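Structures are listed in the sections that come next.
One chain, subunit A, appears in both complexes that follow, with subunit B as partner in the first and subunit C in the second.
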Partner chain A sequence: MSGSFGRNPPPLPDSEDQEAEFDTRVLDSDEEEEDEEGEDIFTGARSKPITPTSAPDEGDIFSEEGSYIRRDVHHATNGLHSDEELDLFTEATVELTLTSTTSQGRREITGPTASACNTTHVPNSILKPSVVTKTMEELEEEESGDKFELNIAVTNPEKIGDGMNAYMSYKVSTRTTLPMFPNKMFSVRRRFSDFLGLYEKISAKHSLLGCIIPPPPQKSVVGMTKVKVGKEDSSSAEFVEKRRAALERYLQRVVAHPSLLQDPDVREFLERDELPRAVNTQTLSGPGLLKMINRASDAVNKMTIKMNESDNWFESKLQEVENEEQLLRRLHAAVDSLVNHRKELCINTAVFSKSVAMLGSVEENSALSRALSQLAEVEDKMEQLHQQQTFSDFFILAELLADYVRLLGAVRCCFEQRMKVWQRLQEAQSTLQKKREAEAKLLWANKPEKLQQAKDDINEWESKVSQYERDFERVTCTVRKEVLRFEKERARDFKHYIVKYLESLLHTQHRLVKYWEDFLPEVKAIA
Partner chain B sequence: MTSISEDSDKEKVRSVSVDLNNDASLVIDIPDALCERDKVKFTIHIKTTLSSFQKSEFSVPRQHEDFIWLHDTIVETEEYAGLIIPPAPPKPDFEGPREKMHKLGEGESSMTKEEYAKMKQELEAEYLAVFKKTVQVHEVFLQRLSSHPMFRKDRNFQIFLEYDQDLTVRRKNAKEMFGGFFKNMVKSADEVLISGVKEVDEFFEQEKIFLLDYSSKIKDATAKAEKMTRSHKNVADDYNHISGAMNSIAADNNTAFKKTISVCVLQKLEDRVASDQELKLTELLRYYTRDIQAAKDLLYRRARALADYENSNKTLDKARLKGKDIAQAEENQKQCLRKFDKLSESGKKELTSFKARRVVAFRKNLIEMTELEIKHAKNSMSLLQGSIEILNSN
Partner chain C sequence: MEVSSAEAALSVSASSIRITDVTQDGDVLTFAIASQKLNSSAGVCVFRIYEDFDWLQQSLFSQENLPGLQGIIFPPLPSKALPSQSNTQTKALKQLGFLALGQDWQSYCKALEFYLQQVAAHPTLCKCKALDSFLINSESPGKQRGRKGIFNRLSQAVEEMRKESHKDVDNFFQNERNKNTNLAALSKVATEKLLDVVMTEQKLALACGHFATSLHLCVNQDDAAAVAFSKVCLKLSDVIEAVNRNFEKVASNDLSTLGLGLDLESRYQEAEKVWECVLMIACKLIELETVKKGTEKAKASKREVMEAFQKAVEKEFNLISSVAKQEIERFHSSRVNVLKNFLIGWCELQLNTAKEFAELYSQHLEACRNMYSE
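Moving on to the complex of A and B:
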């Protein structure tokens, strides 16, 4: 890691004002670093615009540092040429832990930064290491201090193939200003199993560290079979739309997580044209069965681990999470019921509308007859309103709740991971204890030849114990941060979606008023 | 045991039928009612200047069955054959709210105290609504009788109003009920008759066609309206559950999350109210379904009379042929003709006024419903806007 400092460092900014600008930015991000808000900026990345002063300046600054470059920014005096980019970023798989204290355990991968330092094409002079160090740190802080934009959309579901081998292919489009991506806009086609495969990969890597991994949408045999068989009715269209929206939300959550965004698998998922088919995601495959067995054994373990919790925060938080999951489930059930009843209301309103129209046609008083047909039309429009409202009910509210029930499950997993790490530490400690006892026995029994072995053993386990202690500390820290980030994100999500839902209700009421106000003169005209 | 007083609701109550109680010589209303288990006791209040009554102002308690008795006796009265007889009020039906109350009691353990209290409140309101409705239909029935020149003079009507003891003795016994059942069977035979009889009068021909068609359509519309209203109520109930669940979450959680949630409780208002408006429409349709039936009944009676007249003609011809009982047959024929003419004359008057009454009632009711829909939708809008602002400002 430190070796990179010895290599050719990126050039310093040429002009005074550019440096000044750079400095202010560091100040800003410094403040934000204090309260561990670093991640938050990335969380906001997908929805908030870039805050830095102005685009070209930003480009200058980054290219000066040599780390973040945009294709369209070519400044002769500045850092690297754009054709270096591809090398830069495809190589960006280096795992680093930077020396600055605040970044401890926060980000495992800072590929681009490191790679930038590895570049050999530097038009300007080599600089003193001390300056470089400062630059590196500032760089890292700056990275967290800026708000970058990354938008993901999942669109255009297309059915590929026929019969039982058919599948839906979705277009995943990314639009970003993040420097670590060479292109600003790109898209790929992915199928559902690709998403599941991504989840498996991320989960394998990050869950052990105590991260909260967003869960993917659930498989649905019934839904997919209908689509495969080719039933072109509204329920299969609804299913596809539901899945598309769920996949989109899933990806958005993944990239909102700062560590996950840096994960090469995620980037590959977003960028690479052809992904190898993820076969491990099939339920009845070898890995699938293995997963089920693991899950079962985990469940048993969970019941047997009784953790000695030194920090009450974890215990109370877990309880909170479990309670909330229950409550959200209940709420989701209520919203589900609402959706169904509203669908019923749609049907009944449509039927009623026709009935009123018939009545109006029979009515002998012409003004009343006209009014009744108008009423039938109003009721028809109401039916459409109800349809739209159902759509909102479902896609805004119900899906949000379903997502969060699953997310809370993921949060629980994260706590469980921590417990597993703790358990490992406990076991190592007890093994160390046993080794010590063995050594003591050997000493007493006076068997020098075995003593060396015993001492080696003790050393080995001592280092393991300290390693595991460090792991546990790190996981504890990560889990805590993750939970805080999750809570913030949840508050924001709920607010956003509930406002959206209320707005949809408002819209419905508004139209309702209009329809009835238009109807009123017709009724008044009855003689 | 519930009782209500309706002073404030008097105006709203008379929504299905209009122009009643305008005549100060006989003013009837039902200011109070008591519900004891299955029986509803109405307190009928009468104010009159007519000399035929002993007192000028008095009250009398009556049960639903008394109303039915009154209706049936009027129907059976020959004199009124040419009139549209106001439809009998339907039996008070508390089954819906009662069942829900039962279910609520069973599910009490699974919900929080606040939620239970709220649902109980909602159910009580529903119960009250059913109660008010039944009082209203009974009241309208009496008012239609009192405002009709013929019915108000009816002896049985007076008994109903004045008899200060229980009317049980005068009510239908089992045998009579059975007779009533037969009558209904005969009526359906009448329907065949009515469509078969050749109509001489253009007016009645038109009326017949119109009423038959309209009757089936309005019955259908009523049924569909009831279904729609029920769905709407389900949606309102769901919003209740949602707000209850959200309250639980809010109680558990902190700040931003909680505020967001608590705002949502306002939403249940929207649907609750909307369903009330639709109830109006349903009520109107229901009432007129019954009224149309009453009009049809008039046509049946007239058709019967016409058939009788034609039969009497045939009998007379036969008698003339045979040469005996001619005088009797002639008398019979004259009577039938008289009856038929009387029916036709009053029938025409009744049906014409019925037309006008129906149109006016529809108009009034639809206007009220529309205005209420608008008002409540606007209310909802301002509530929603307020909530959105609160949320956005946080």
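Moving on to the complex of A and C:
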């Protein structure tokens, strides 16, 4: 898959485009360790099969031809040897940084192993600029060889048009050193329906193979209507920001998936200036997606015959996924309530601040009056802190949880695909059985003229059955790998975001300490 | 003011008065009040219910032979708390404001304690025998509910006087009235708004606790990936739990210092309003008396009697006036001082809490960053 990278990567380009700073995803294709086998198979085309350097436990069921084994493009050191034991991400670190000019989230993944991680955007005002420099240093620190990068950012939302036909256009910027891209830095403008269209295309191609397809952000009639109508208030701005951040995370997840990155539709999305307008994106609304996902669970429940012992794994895993989805929903609701209460605290603090200011203005004792005015100011500053913390709560925690609820839905879809393949196999086997019985009947009835047809039928169905068996094995293997990849990523994501959340909490707390320290002498000076 | 004789003074130290305990029996709250005797190292402890406090207040109002009583600003007594089950928090909040919050009647006890300390610290009021008896006698002050004092006698008149705008006898008092009206209204508003803030802080604490508990449900030991995820969730749960405790602490700090202070300030402003009314009434009464006597005496032509009476009236008036002026000075410096102390206490508490939690979050952050190195 990474054959097009070659052995001598070009040097990292200087970034002329300073306006957008990107996430760095390091794609390492030059590690010596176990690449000999792997690189023989690499070609430039996207869907050529790749044999992992050391086969996983179920390696026996793979065949050379037609096997589609995904391998994370960006860790050349480790193929997917044994999925469960090896922690592929020990060295990967993920950082969230902010630029001071544009408000966008960045995600940097350093180290030889990297996988899809999610970023959220935290508005500028929250993080100190010093956070920005950190990741670059770490990146340099951990560079152990030549690395390829792919950074994606979604920025600059602009309203195009007026009235009900208006839409928001977003700038999608890519910066990369991957050889498969002719340009190293490029950007295009896309609208929301383009993202949905991309999802549709990817889904059509890859979900059949058992891939977990990252779900796109949800449609919102209310939110968009406000924007269209031109309501210039904070809720529209919040909505646009929320959507921009969600689109960015969505794209980052897509390109973090090794096979999706190879998909020409994805490349076209990133590179091509004008995309044909995506239509029929109706089915991708929130409720539509949900319906699709719920069908998956029902299908799985109908599977009565177990294929082999790995089915236990699938059954219990699916149960786990469903449970987790419920849990995450509950967590999301809890965080939502937290966010709302914090908003209320902002309001109440502001009101209190005003009332204290008024008290200070009529107070005759001058030192007390001054102290009260200072108090009003302190409360005002605290209101801003609460406001920022609300953003943190929302963009770090709430959106993370919401993303994962939807991702888990995508995981369930993945299981459904496997079910479909299984059912097709069952049906084929049953048809084969019928053909064999028909042949036996013909033999017995001694009708030689139809015998040839029957034999042909049997041959046809025998090859179908063996094809479907291989398909099923392949899908099973894919789904399993996908799930394990997903789980590892999830743990990493959550850890990443908790660290971010803690950092923001700590930041707020330090500011709070400063405010109190500044206020104390004022109070002590009252005579 | 005349210096009182030793035996009329309070036998305990004003600053040592503490409400050390409160027990609830059905509807009745019983307070344990401890204080330190002045001339020995012995401590005293008595048990009182709200009605006893009320008795004390009435006794203070109705002291006889206390010249200039009408000029005194009486420390405000908090309203009676109604702890019965049927009393929901909203009702309690309406009735007592800040004092209804806090655990186990902490704030309420603090307010009562403060009241006792203020009375004991007042140069005139401390001499009231009722106070000494209240603080020392093991038996409760008894059922003497009869004496109502000038306040109640004139309670109706108070309302009417306030409605009409009478010229105060002195511009000084007029100014005070205006300032007081403003301050009283604004203090009340500020107190209410702080109450809103504290309620929201408590709600936030609750929401955090709920979130933290929900995170515990994510624990799953099935396989390596699940274990890793569980670890992460538990970590987040710890963090959120810390945020929960942070909010609780912040709310309680707000309550115990600034909340109490603002509430007290608010009630003191109300007390000053009452004082003004009482003053006005007293002055009015004196005027009326003067007129009355004047009419009577007009018939008699005993000039000496007239003049003597006039002098007596003026003397009484001047006494009230000077007491009043002293009181208002004392009141202002005292309230500024009280408010200052509450503000300092509040600021220091919040600063310590903020530092404490900054440290805690920092530790959590370290632990989080090291999570995969375990």
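Criterion: the second predicted complex is superposed on the first by the 351 of 527 C-alpha atoms of A that agree within 3 Å, B and C clash if a C-alpha of one lies under 4 Å from a C-alpha of the other, contacts with A are read in each partner's own complex, and residues count from 1 in each chain.
Everything below uses one rule, namely that contacts are C-beta pairs under 8 Å (C-beta built on N, C-alpha and C of every residue); 3 or more make two chains touch, one makes a residue touch a chain.
Quick caveat, the model's predicted, so the values are computed rather than measured.
Bringing the complexes onto one copy of subunit A puts subunit B in a clash with subunit C.
In the superposition on chain A, A:Glu149 makes contact with neither subunit B nor subunit C. Applying the stated contact rule after C-alpha superposition, one finds that A:Asn348 touches each of subunit B and subunit C. By the touch criterion stated above, A:Leu484 is placed in contact with subunit C alone, subunit B being left untouched. By the touch criterion defined above, A:Glu248 lies against neither subunit B nor subunit C after alignment on the C-alpha atoms of chain A.
Judged by the touch definition given at the top, the superposed model places A:Leu512 against both subunit B and subunit C. After overlaying the two complexes on the shared chain, residue contacts for A:Phe494 are found with subunit B and with subunit C alike.
Overlaid on A, the two complexes show subunit B and subunit C touching the same residues of subunit A, namely 320, 324, 327, 330-331, 334-335, 337-338, 341-342, 344-345, 348-349, 351-352, 355-356, 358-359, 362-365, 368, 371, 375, 490-491, 494-495, 498-499, 502-503, 505-506, 509-510, 512-513, 516-517, 519-520, 523-524, 526-527. Those residues of subunit A lying in contact with subunit B across their complex are 320, 323-324, 327-328, 330-331, 334-335, 337-338, 341-342, 344-345, 348-349, 351-352, 355-356, 358-359, 362-365, 367-368, 371, 375, 490-491, 494-495, 498-499, 502-503, 505-506, 509-510, 512-513, 516-517, 519-520, 523-524, 526-527. Residue ranges of subunit B in contact with subunit A, taken from their complex: 210, 213-214, 217-218, 220-221, 224-225, 227-228, 230-232, 234-235, 238-239, 241-242, 244-246, 248-249, 252-253, 255-257, 260-261, 263-264, 267, 270, 355, 359, 362-363, 366-367, 370-371, 373-374, 377-378, 380-381, 384-385, 387-388, 391-392, 394. Contacts from subunit A toward subunit C in the complex involve residues 84-85, 87, 89-90, 316, 320, 324, 327, 330-331, 334-335, 337-338, 341-342, 344-345, 348-349, 351-352, 355-356, 358-359, 362-365, 368, 371, 375, 484, 487-488, 490-491, 494-495, 498-499, 501-503, 505-506, 509-510, 512-513, 516-517, 519-520, 523-524, 526-527. The part of subunit C that touches subunit A in the complex is made up of residues 179, 182-183, 186-187, 189-190, 193-194, 196-197, 200-201, 203-204, 207-208, 210-211, 214-215, 217-218, 220, 222-226, 228-229, 231-233, 235-236, 239, 243, 332, 336, 339-340, 343-344, 347-348, 350-351, 354-355, 357-358, 361-362, 364-365, 368-369, 371-372.
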